[in-house]
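Each structure below is given as structure tokens.
Each of the next two complexes has chain A plus one other chain: chain B in the first, chain C in the second.
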Partner chain A sequence: MSLTGTAVALLQVVLTIAAAPFLVGVMRLIRARLEGRVGPPIVQPWRDLRKLLGKDRMVSDNTGWVFSIAPLVLLASATLVAGIVPFLSTKSALDQVGDLFAVVYLLLLGTVFLSLAGLDAGTAFGGMGSSRAMTITAIAEPTVLVAIFALSVSTGSSNLGSIVAATLAHPATAASPESLLAFAALAVVTIAETGRIPVDNPNTHLELTMIHEAMVLEYSGPDLALIELAAHLRLVVFLGLLSNLFVPWGIATTAQPLQLLGAAVAVAVKIVVLAAVIAIVEVFMAKVRLFRVPELLAASFVLAFLAVTASFFLA
Partner chain B sequence: MVGVALGIAAIAATLAMAAGCVLPERARVVWVGILTAASATAGGVAGIAVLAGSARFTANYPDLLPLGGIRIEFDALSAIFTVAAALVAVPASIYGIGYGLHGPSSRPVQVAYPLLVWSLMMVPAAGNVTGLVVLWELMAISSLILVLAEHQHNPEARTAAQWYAVVTHLSLLAIVVALLILAHGAGGESFAAMRSGAGRLGPGVTSVVFLLALLGFGAKAGVVPVHVWLPRAHPEAPSHVSALMSGAMVKLGIYGVVRVGWDLLGGGPGWWGAVVLIVGLASAMFGILHALLASDLKRLLAYSTTENVGLIFIGIGAAGLFASTGNRPLAAVALAAALLHVINHAAFKGLLFLGAGSIHSATGTRDLDSLGGLARRMPVTAATFAVGALAIAALPPLNGFVSEWLLLQSLVHSLPSKAVAVAVAMPVAVAVVALVGGLVAATFVKAFGTAFLAMPRSVEAEQAHESPRTMQIGLVALAGMCVALALAPTVLAEPLRRATVAVAGLSSGRPIHTNGVYLQLSGIQAGLSPLLLATGLGVMMVVALAVVRRRRVHHTVRDIPAWGCGRTLQTARMEYTATSFAEPLQRVFDDVLHPEIDVDVDHRTESRHYIEAIRYRRQTRDAFEQRLYLPLLGVVRRAGDAARRVQNGSIHRYLTFSLITLIVVLIAAR
Partner chain C sequence: MSKTAFVQLLDLAAGLVLVISFAALWLRRLATVARMIAVQGLALAAVAAVIGIYEHESELVGVAVLVGILRAGVLPGLIRRAVRAGDELREVESIINVPASLLAASALTLVSYATTRDVVALSPAPQVRAIPLGIAVVLIGMLMIVTRRKAVLQMMAVLMIDNGIALVMFLGTSGVPLAIELGIASDVLLAVFILQVLTNRIRTKFGGTDLDQLRALRD
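Now for the complex of A and B:
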């Protein structure tokens, strides 16, 4: 665990935390403009967080320690992942600490704690949100792991740094069938896991359709700020994973400041482009019924499975 | 050293049985607990000594029994399973003191318990067929007695024991036949003789031996389709016995498959591995789907045992498959993953069963739908159960994650491979492991969330109290084991190497490397450091907490009622229950599970438009029981009925039968 590696990991964490609310601001702005509204300024999510952090902590009297630590675990798991995923450089110190599987299970840890917190208040909405969130996560899991399988077959490793380095060394693999199929599969999962349309609507508070918002209904003030920040962060992490695993160009292979700066700009552009695509698609799409979501995820699983078989039969 | 420890274990177990026999009720429970814990500690020390590098221990007692006497061969593979048994048995025995003082304290139970613990530790140490069969049977009978412990006020225990007795003895039959064929062909009944002589058997005979052993040991391991006894028997036993049965006893089935298939027979064709893999995949899926829908907590845990044994079988099957394609190093990694999961599962499943026992003794129910709010009333049980639930859901940084990670690594790095079987099987295996992983998380969010969080759903749950101190010690000890195994799996790298080397048909070099904090695999470019992951999570949580604390101006926490959408009354009846939590997933897997759902609507007598009450019942029947076992039992019953026509009780008829037999015998013997 080298010193520069640790510095890179810390830099990634700080930058992603700083940038995550802005990304959400950009997405909201794009949606607003396309819908013919003026829309809030892109610093609005940061302002919301600051406002929430200044408020009193209000805690439902049914709840216990699970409710209190869930926001912390959720945010901690997301920040740790932000340190592991190669956003800026393949030389992050955390690269050997955890691989793609560890990333997936760390994100699952956050989901599990949030679901438990949803049950803790004892309201019908919390339970509803938890039950639905766990359903979607459970069904999305095979897609994620099989897609990772497809990625690690061609590079011989499930370590993020190795996958990125291998794609940089052999640019043609980025356009190979298994890579494209795995990208499509992971894109669907990203939508599902970050709670975007058509799986969940981040703006809704309509009782019967919400998933994420139903789980966090009991949270307010600083706790809600942590959860919101973690949700923003997870969005950045998922989009960053998608962009740098499949289109890694621009990422630094050393820890030199100038390269890192270039890498930061490159990854920011990639993430914003992906986010813009999601925001634009969301404007033209409606949320699907909850029980159609498994079909969507099953389709993404088929894509991931094809990716693995392609890597074998087309090799 | 090893011999002395094993001797102490035997003496302590004997003393415990004597104590169970002669002492009065209260003293009996206390002394049986202490002496059994001592016995298990000694057994564990013996196992650890072998794993830490002592020479394997062999002893021969030719006069102890007729036929072959008893041989002890205690190598590193045996030691893994003995340590797993001791790991559960020590806390379970201490827990049993508090549990027995308010529950099963009768003489048969208190005598059978030390016997079960001792035989669990000694079955892997057996070094010949006679020894294995005798110890195996001691284990089966003592556990059968313990399943019947509460039969007086629990009729379910009786049917469970019937199923268990029948399956366990049929499985013994399969095991004995397999081992006798092998011993006969190899020209000796000691394991050493069988190992060296197994080559003399033809490939057909070897495969028959393997399949019989898989059937027999698989039944004890609780894999599909011979699992039917497990979800019945495990929940009905007292909870510390359930912990032993699920944490340690099923593992001996796994031990048997590895020992016979890949050690004594020295491995076989690729389809052996494929069969074990398929059985594992089926068990994992089947087990978790039933666990997901179960609302009886102990039944849920029992089904989850089938699922975990499935995962271990996946590792063993994959190892067999890789070895047959010549990829020995990867086979060793898969086997190491399976063996590590044996130990991890012993820790967290033991913990969860003890937790379920605490809930049961505090509330008198195992039904999740009538629990709730126990986190405030039973804080120690809640915290330890949470550790177990997170561990079994394979979430970092707990121990379940480490073995699941190893398993996934071994499966993922099988490609690129020349073998089409591997290329087809591995994506399916990864998909199943992933889906199972997701469903386990959902299942244990359901179990923990509905049992411990929110408002109590019954008066019993509302009046629950934390369990006695000895039970808490057992829980905390196992939770500590889960954490220790999670943070320092690197310590197990060398023991796992020794254990994999002991399996002749799979061994190769060193599967897991470690440089202090990182786990690294041979031939695989992947690393993991559970310790640093845990540290990272901890640091991030502290930083987040510090930021929140600093920003908060008023430092006040206001207790408010939960948001009821304008209603002021919030009752427990409005909460999600375990049944409703699993409903979306039940719909998704409707075509597989075919749950039976009854909705009864009572109308008021005055008008059909007003409803008095609605009752909703959901039951998931075991498809194997319905389609395979009940028809089979029907055939047996019809055969019995047919035989009754011959046996009508008339003395004249029996005399005629005797005469006919006599004549036939005379003609035949002439």
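Now for the complex of A and C:
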């Protein structure tokens, strides 16, 4: 593990944590403007986090240890993934463990702990939210695996850094059927996993169909701040994965400071464009019925499956 | 057109034909499914055009234009009229639910890849490698006929099967004479006409086109 590699990984973690709440702020602002409202300033998510961190910690007597450590596990796993995923450079120190399976299961670890925490408090809403989250995750997680697997078939490696480097070396593969299909599949999963419309509505609290908000209903104060930050971070991680796996141009192949700066700007632009598209689509779209969500995810699984068969038989 | 660009465009267009048949299984509104069949016809025309341009065969480009007009314009137009004529429920009714039919269609795709391995091994050409996609479209069309209840949807499924057959034809023969394509086109047109008339008669006679209710004989 080289010194520069460690520096790149640390830089990625620090930058993504600093930028994640701003990205959410940008998305909220875009939605507000399109709906004809003034909207909160972009720094509002950071202010919310600061406010929550300043409050006392309140925990229900009926909860166990899972409830206490779930926010930490969720944030820790998201932070680790933020260091692994090739955002700035393919030369991150964590690149050796930057395996596709490691990333998917680290993200899954956080989801599972949050669901367990939702059940732990024993409230009706928490249990409902957990069961729904698991229903969605059970279809979404294999889709992510299969979709990225389609990309790794042509590369011959399941290492995210090598996949990105291979796409950089052969730009034509970015427009091949398998990567387009895999992109569509991953885009649907990103929306499902980050709890955006049409799967979940991030803005409501008093709706019988909520998923993420139902699970975190029992949390308050600093714990809630950790969970919110982790949710913001997961959004950035998923969008960054999506943009850099399929449109890797701009990413640094070395660890020189100037290249890293350019890579940071490039990845920021890509992520903000993707987030803006999601925010704009959300304005014009209604949430689908909960029982239709498996249909949506089944479609994305089929796309991922077609991507794998195409990369195996057509290429 | 360079070789890699040709392979890429061909795979994209042929892949689009297959993906659209999945979309036709996934969507719920009859009118949207009809639109999907039209887009499939367009993708099919693109396949023919790509092969024609790459191999410098102007006749095949002409065939592509004909295919585009017929399969993306005329035939879907006829189907749209049939959909609009039915004042019944405009949603797809299926014997199996949507995720199940999608999974069944994926299985059929694998079957087509598996069964055409020997055919694909015959030639290293990119056209031949894409033949399983056409077979898969045919199989998915058959799945649609078996599982959907409305006569209108079965018309669309027949068109989908025909699109699949045409895809295999373009990929396998690298260009058919205009005369043969004209013959096939008039044949399909006639079949869709007959199906439309039949659907209308079923509707006026029985008040709906749910074929499951037409099993038992009544006097």
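The rule is short, and it goes like this: the second predicted complex is superposed on the first by the 313 of 315 C-alpha atoms of A that agree within 3 Å, B and C clash if a C-alpha of one lies under 4 Å from a C-alpha of the other, contacts with A are read in each partner's own complex, and residues count from 1 in each chain.
Basically, a contact is a pair of C-beta atoms (placed from the backbone, for glycine too) under 8 Å apart; a residue touches a chain by one contact, two chains touch by 3 or more.
Since this is a predicted model, take the numbers as computed values, not measurements.
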- request: Would you check which partner chain A:226 touches, where first means chain B only, second means chain C only, and both and neither mean what they say?
  value: first
- request: Check the residue A:92 against both partner chains and state whether it touches chain B (first), chain C (second), both, or neither.
  value: neither
- request: Using the touch definition from the top, say if A:120 reaches chain B (first), chain C (second), both or neither.
  value: first
Message: Looking at A:16, would you say it contacts chain B, chain C, both, or neither? Reply first, second, both or neither.
response: neither
Touching partner for A:305 - first (chain B), second (chain C), both, neither: both
Message: Quick one: is A:180 in contact with chain B, with chain C, with both, or with neither? Answer first, second, both or neither.
response: second
Query: After superposition on the shared chain, which partner residues are touched by A:314: those of chain B (first), chain C (second), both, or neither?
result: second
Message: Applying the document's definition of touching, compare chain B and chain C: which contacts more of chain A?
response: B
Task: Please work out whether A:172 is in contact with chain B alone, chain C alone, both, or neither, and reply first, second, both or neither.
output: second
Query: Once the shared chain is lined up, is A:201 touching chain B (first), chain C (second), both, or neither of them?
result: neither
Query: For chain A, what residues appear in both contact lists, the one with chain B and the one with chain C?
result: 294, 301, 305, 309, 313
Query: Contact residues on chain B for chain A in the complex?
result: 372-373, 375-376, 386, 390, 393-396, 401, 404-405, 408-409, 411-413, 415-416, 423, 426-427, 430-435, 437-439, 441-442, 445-446, 448-450, 452-455, 518, 524-529, 532-533, 536-538, 540-541, 544-545, 547-548, 551-554, 556-565, 570, 572, 574-576, 580-585, 587-588
Task: Give every residue of chain C touching chain A within the complex, in rising order.
output: 4, 8, 11-12, 15, 18-19, 22, 26, 98-99, 102-103, 105-106, 109-110, 113, 120, 129-130, 132
Query: Given the complex with chain C, which residues does chain A contribute to the contact?
result: 172, 175-177, 180-181, 294-295, 298-299, 301-303, 305-306, 309-310, 313-314
Chain B-touching residues of chain A, taken from the complex the two chains share: 1, 53-54, 56-66, 69, 71-73, 75-77, 79-80, 83, 94-99, 101-102, 105-106, 108-109, 111-112, 115-116, 119-128, 130-132, 134-135, 137-142, 144-146, 148-149, 152-153, 156-159, 162, 207, 217-218, 222-223, 225-226, 290-291, 294, 301, 305, 308-309, 311-313, 315
